[in-house]
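What follows is a set of notes on a single structure, which appears directly below.
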Amino acid sequence: MTITVLLFASYADAFGQPSVSVTLPQGATVAEMITRLGDLAAGRGPLPTTPMVAVNQAYARYDHVLSAGDEVAVIPPVAGG
Amino acid sequence: MTITVLLFASYADAFGQPSVSVTLPQGATVAEMITRLGDLAAGRGPLPTTPMVAVNQAYARYDHVLSAGDEVAVIPPVAGG
Amino acid sequence: MRTGLVDREIDGQALLREVAATGNGATVLFLGTVRDINDGRAVTGIDYTAYDVMAARELQAIAAEASGRFGTSSIAIEHRLGTLRLGDISVAIAVAHPHRASAYDASRYIIEELKRRVPIWKREHYADGTREWVDPTSARSHATHG
Amino acid sequence: MRTGLVDREIDGQALLREVAATGNGATVLFLGTVRDINDGRAVTGIDYTAYDVMAARELQAIAAEASGRFGTSSIAIEHRLGTLRLGDISVAIAVAHPHRASAYDASRYIIEELKRRVPIWKREHYADGTREWVDPTSARSHATHG
């Protein structure tokens, strides 16, 4: 399945775009998505090894299983306030 | 010496006036002033046995020695805010 | 740093303007207002009176203490005297600081010290027409106003 | 209870009006503003961006948690997005409650949770013309803004 991963702030700057498509096997977890994203990010910038992830607008654990159609986002360190 | 003692709120209501004159010997302490005031208050109302006292607009201890000309006040429980 | 006893409406916005400075990242404004219920009794208004000169001195001393302890001079405090209606602001405390933790702590310090030692008194008017001086040290009066 | 992300100036006075009620004796307004110095660098402005939909949901969740924990629905929160200048209000939190301790605690809870989990980011503009995303988890960045 292909998952569109939303990028923000420094992560969007690193990729030069606000989202990136990641191809994953059915039943892939957040952890696998992050590994794949890390490969794509190689040499681009500040993506840490274990960034925060949101699935369908809620923070998700790394063992969370993704489904086609999920809204997935990688969340840089937040700095509101 | 004669000391004018300022009264406020419930204490002023108890005495029916905003101040009361108390005659004290030279060298009298706050404690003696309060004892004398208690005699004057007998039967009038809510003056407690050990109210807070201010001398010259600062809280004073009961062993504080009064001088003629001091501004003395008996302070009911405060309720600002 | 400014403190005052006033006999007019308190304007919280004006206090905020007084403490604003681009070196401050956090501002805390506390407002005490007249509540409709106290200790289970229906309140319709409050008279505030003070030992004016001493109250002004204590307020100023508290502001100076807070300034020293928490490291900011961006402090403005007003307490209103006279007869207040429901919802009227009786006290306003504005504190600004580079950092939020100290802004909150300074604000809290000021209201707690104000309630502990500034010689101000209040007489509540009740719905049944009676009026009574409030004694926060009495058994009945706990966790009350503000 | 109302929360919102806005792209216009925040009006603290309007939030105070929203939470006013005669059952409340205490109101705490917190304002976060753009500071001229952060981590020792001269700041001239800040861009705020957000993952809008999730940020709105998290803000609303935080308000609901504060309401449940501290027992008041008199809560209004706004966070501004876009480019802010020095002194501009980035966040305003108004909480009113019958009693002051809970008003302070709820206000503090909301700002701490907001900073911990609402997906909002800021890019500071420095006097030397550079711009950088702020990472509060980095070693250099401690006890910073607000």
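Going by the order they are written in, the chains are A, B, C and D; count residues from 1 in each one.
Here is the rule we use: contacts are C-beta pairs under 8 Å (C-beta built on N, C-alpha and C of every residue); 3 or more make two chains touch, one makes a residue touch a chain.
Note that the structure is predicted; figures quoted are calculated from it, not measured.
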Chain whose mean Cα position lies farthest from chain D: B
Chain A-chain D separation of Cα centroids, rounded to whole Å: 26
For chain C paired with chain D, centre-to-centre distance based on mean C-alpha positions, whole Å: 24
Rounded Å distance between chain A and chain C, as computed from the means of their C-alpha atoms: 49
Where chain A and chain B are represented by their mean Cα positions, the distance between them in whole Å: 73
Chain D, residues touching no fewer than two other chains: 32, 111, 145-146
Pairs of chains satisfying the touch condition: A-D, B-C, C-D
Residues on chain B engaged by chain C in the complex (per definition of touch): 6, 8-10, 13, 54, 57-59, 73, 75-81
Interface residues, chain D side, partner chain C - complex: 12-13, 16, 20-37, 86-87, 98-100, 103-104, 107-108, 111, 143-146
Complex contacts: residues of chain C adjacent to chain B: 32, 48-51, 53-55, 57, 79, 90-91, 111, 114-123, 133-138, 145-146
